[in-house]
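Structure in structure tokens, see below.
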Amino acid sequence: MQVNEIKEFRPKIVAFCCNWCSYAGADLAGTNRLNYPSDVKIIRVPCSCRVNPMFILRAFQRGADGVIICGCHPGDCHYTSGNYYARRRMTLLFSMLDYLGIEKERTRVEWVSAAEGAKFAATMNDFVETITKLGENKRLEDLRCKE
Amino acid sequence: MQKIGVFVCWCGSNIAATVDVSAVSEALSHEPGVVYATNYQYMCSEAGQNTIKDAIKKYGLTGIVICSCSPRMHEATFRKTAAAAGLNPYMVEIANIREQCSWIHKDMATATEKAIILGKAAIAKVHLNAPLTASQSPVVKRALVIGGGIAGIQTALDIADAGFEVDIVEKSPTIGGKMSQLDKTFPTLDCAACILTPKMVDVAQHEKIKIYSYSEVEAVKGFVGNFEVTIRKKARYVNENVCTGCGLCTEKCPQKNVPNEFNLGMDKRRAIYIPFAQAVPKVATIDANYCMKLKTGKCGLCEKICTAGAIDYSQKDQLIEQKYGAIVVATGFNPIKLDNFEEYSYSQSPDVVTSLEFERITNAAGPTSGQLLRPSDGKHPHTIVFVQCVGSRDTSGCGKPYCSKICCMYTAKHAMLTREKYPDTDVYVFYIDVRTPGKNFDEFYRRAAEEYGVHYIKGMVGKVAPKADGKLMVQASDLISNEQLHIDADMVVLATAIEPDKSARPLATMLTASMDTNDFFTEAHPKLRPVESPTAGIFLSGTCQGPKDIPETVSQAGAAAAKVIGLLAKDTLTANPCVAHSDEMMCNGCSSCEKVCPYGAITYVDKEFRMPDRTVAIRRVAVVNEAVCQGCGACTVACPSGAMDLKGFSNSQIMAEVDAICK
Amino acid sequence: MIFSYYPGCTLKTKAKELNFYAYQSAKALGIELQELPEWQCCGGTYPMAKDETATKLSSVRALTLARDLGNDLVTLCSACHNVLKQVNNDMQNDEKIASKANIYLQLKTPYHGETKVLHYLEVLRDCIGFEEIAKKVVNPLKGKKIAAYYGCLLLRPSKVMQMDNPENPRIIEDFIKAIGAEPVIYPFRNECCGGYLTMEDKALTQKKSNTVMGSAQEFGAEMITTACPLCLYNLRKNATEHDLPVIYFTELLAEALGVKED
Amino acid sequence: MDNKEKQKERILRVSGVNVLKCMKCGKCSGTCPSYDEMDYHPHQFVYMVEKGEIEPLLKSKSIYKCLSCFACVERCPRGVEPAKIVEAIRLEVIRKQGENHLKPNQIPQLLDEDLPQQAIVSAFRKYSK
């Protein structure tokens, strides 16, 4: 009898965090030892408005299963208005991605302040759970650079 | 190819307990470009730092990756370390394997795996790092304060007391602002003039302060530490240096029919005038709109009687150029026009007045010498109705959507003082809410109601109808007793909303300082940087930033001064080198980046380019002012041609991190 | 100058003078009022409910007709003016009402509020100019103290009517000056006379009308002028404690222009 | 959604008014020329609709006392338009079968020779369906 080993699905998740609020929020989650899955890898950017749609497309192209962007709460942006730009750009991008078959649940924008370590952890737990349920992201796979 | 060194920190057991640090350094040592990888108990310790320095020298490292705690903790430390070993500090990248790895994961295998990926991402990034040099710019040790009200006065005094030169530009002939028009100040009821005029004198006598009165800012160029400002000194037709302020001319001038703006038009002044007795500078000014000599060439009386010989009808506007390191905006406020609120009959009855007019009527130096007399017939009013929130909290488009903040308190003051001086007067205050959040404020309001017998009625006035007998029929709702009231009043006082001075908007454009939809200047951060504009080097003082009472204005003025002093105390400014940069060969001059820049750091120049066929073409390209750019990166995403990039967080660097993580 | 003209129900019956003198004055001032070939009653009050379409259709028909004729649409009666302007505003700005009305009427070209609605007073002020009118006055009403009564419908809601300051108007006062008389300003000129409540609650209407006329009289008015048949009725009938004459503004205009015939 | 909420939802939809914008200043009631004849006053209309208390308003005589003079609409600092709430409540009543407030057979006795058509038309539009 042959048993196919079923490998547990581990999603790849890229989190872009702005330096001033969300990255600090992630640090706080660490300081408070608040657990969230190791599938989340954080990339530090100066501001959520630094996130170019290109980065997100690249992530999906390279096999990411979910992308989340975290910025300061509206009105709290270190650069006054960067998070508003991010919100507007991502709204457009996400609906386009949805059209391409990358479900809306795979992309998310969240506001996490430097004091919201718990929120950061909870958000990541929730996001990973959502993505795990959705399963592997197969779209754009054909475009993936084979190595 | 970079020569990269990797240094994995144990952080005692903080990292080492959950991450297999040797496995991490071993795994990362096989990454392309990595020539040296090690781990150590405390990388941030002196011994740890020496390990890094030695490795840089020994292996000729061109980039280093530290796998340790958050960069928010020790990035600066390791940059210094690198610099000490002769490596550009911006060739250092941190992989955060403590806060974002060892502290949140329990399973060693998982944590180690993640730590390796984070390390790889940092290595991928550092491959693309370029040495960056922070630019230095000198600081001009002089500050400009725009506006000479209590906000500007306090800021100027504080800066000057710290030993820096300050210039005040004030558009009217004297400093003093709105506070000089007030009678008493809440909640202590000390007289405004008694506390303000000594400060005005201090300003006049301070050797570090120069007042440009009757002047306006014409143009602003430059950036933080190095602003070039053009000031227009308007012709006042009186030689300031000669005039003694004796006031003889202001008594003899035959043109007596000029509305006196200091008393809000409730009495008249002459064409040559000194706004009020304690004016600073105490110098006469000729109002060119009314002076017969200037209009028709006939008269010249003031010139004849001036013993000092100060009158100069040929004076012209003067343009003054000056350099400043910092600029403080203190342009203040005005009550709104009441054209949209004619249900209160403001323009239909002289006995309906604004609160500021009421202030002048009760002021000893005002048009009635401090006697409470109604404007129409000069009689004592026996019933006064105060209406709160006239034009404030109004989203219908007629008024202002915000709370003007000061009205509840000054109305309580007016009501209280009226009852104190004239106990036979009935005083009604119609309010929506009474807002008194300030030290001793609520106690003050309650005193008006409890001890002075002011009738506070929750409700709003719907109409004020002047009657033929001179009374004012006030129709209002009383929401508590659920009835409509009709009060025959002798006077109605409108707590008029305040708005930023009209000069603020063009000034904001000149300063590239941002404003909200109500024309209040926005602060760099609403909680943590309340006195700075997002534009570096521009500071905010007083009501130009939002409605404020005097105590709050003075605190903010002091805070703004402290920020200015902090800036001027530096000889040079070190800029953040992680700023935007435009590749001019790719820029198509579309202005997309300029529009999203919150700091006005991007300008356009026409530049000559040598084309492949050896002709020369002129193209419009974006140029980033690195001293002004704060490095948010908004422009990099807006740029359609990919010309704009951010140093230290370039497209290719972030993309490399994405690739490393998704591998 | 040619205008399409919407008289409204009352001007054909109980308020013939308002209509008649408007025509006479228009002729004297060199403007032509062309009555819309087919019009229906506007309904007297603007239906405020968002789900009412049928009650707005008569106004839409009139507005569409004027658009197709290529003219601005002039009204005299304050009520018609109010209803037409408010419905026109709906057709411009309320997508739901506009699409329902357009579907219902099956118009060749859908209507979206292209017609400009003017009150006769606005024509006098903006198209002719009160200064021009003053020049044409042959019989100035010298020394007459006239109180303008705006009522509620002429000016409110001001965001839609866009005629004058709703709380401190001057258009009729300027008109009174133009015909050589002296305007009397009094605070109740823009307060309601009681309107259609005369059918339901005489006492209320009497109270309101008395307040209005009482205030005008207090400020020395010798007569009141108005543009609304219902205001005129209420002030004449229901201002029981006062007896100032109440006259349509067009009659005053005709008199001043010397074209008043009986 | 229970009946009460449905009714509230209907009033809000028919009137097009956002009652949440009201800051309870009472200027509508300070301005209303029919105030003394009303049992519920303009500001109460807005507040009671906000609370979903429609029933008492349906029985209120105020809905027939409103002059539709737009004074409350004009002067409301928050752009709430209380008159439209009153109209929606009135329609809620008179749109029901047999609930016309003014019936054609009442007209002859109300007429006098000068009464303009406008008054009859307006009253009918306000009071009857």
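Residue numbering begins at 1 within each chain, and the chains themselves are lettered A, B, C and D in the order written.
The rule is short, and it goes like this: a residue touches a chain if its C-beta (ideal position, glycine included) is under 8 Å from a C-beta of that chain, and two chains touch if they have at least 3 such contacts.
Since the structure is predicted, the reported quantities are computational estimates derived from the model, not experimental observations.
Peer 1: In terms of C-beta pairs in contact, which of B-C and C-D ranks higher?
Peer 2: It is C-D, judged by the count of C-beta pairs in contact.
Peer 1: So how far apart, in whole Å, are chain A and chain C when each is placed at the average of its C-alpha atoms?
Peer 2: That gives a centre separation of 63 Å.
Peer 1: What is the distance in Å between the mean C-alpha positions of chain B and chain C?
Peer 2: Chain centres of chain B and chain C, defined by C-alpha means, are spaced 50 Å apart.
Peer 1: Report the inter-centroid distance (CA atoms only) between chain A and chain D in whole Å.
Peer 2: Chain centres of chain A and chain D, defined by C-alpha means, are spaced 52 Å apart.
Peer 1: Between chain C and chain D, what is the gap in Å from one C-alpha centre to the other?
Peer 2: About 24 Å separates the centre of chain C from that of chain D.
Peer 1: Identify all positions of chain A at which a residue touches two or more other chains, and write them in rising order.
Peer 2: none
Peer 1: Please set out, as single numbers or ranges, the residues of chain B touching at least two other chains.
Peer 2: Within chain B, residues 343, 397, 463 contact more than one other chain.
Peer 1: Where does chain D touch two or more other chains at once, residue-wise?
Peer 2: Within chain D, residues 71 contact more than one other chain.
Peer 1: Which pairs of chains touch each other in this structure?
Peer 2: A-B, B-C, B-D, C-D
Peer 1: Could you list, by residue number, the parts of chain B that touch chain C in their complex?
Peer 2: Result: residues 339, 341-343, 345, 347-348, 397, 463-468, 473 of chain B touch chain C.
Peer 1: List the residues on chain B that touch chain A in their complex, please.
Peer 2: Those in contact with chain A are residues 70-72, 96, 98-101, 103-106, 110-111, 113-114, 117-118, 121, 514, 522, 524-527, 534, 578, 596, 598, 630-634, 636-638, 646, 649, 651, 654-655, 657-659, 661-663.
Peer 1: Write out the stretch or stretches of chain C touching chain D in their complex.
Peer 2: Counting only chain C, the residues touching chain D are 8-10, 13-15, 41, 43-51, 55, 77, 79, 152-153, 156-158, 166-167, 191-192, 194-201, 204, 208, 228-230, 232-233, 236-237.
Peer 1: Write out the stretch or stretches of chain A touching chain B in their complex.
Peer 2: 12, 14, 19, 23-24, 26-27, 29-31, 33-36, 38, 41-47, 49-55, 58-59, 62-64, 75-76, 78-82, 85, 89, 121
Peer 1: Please name which positions on chain B make contact with chain D in the complex.
Peer 2: Touching chain D: residues 343, 389, 393-399, 432, 458-463, 475-479, 482, 484 of chain B.
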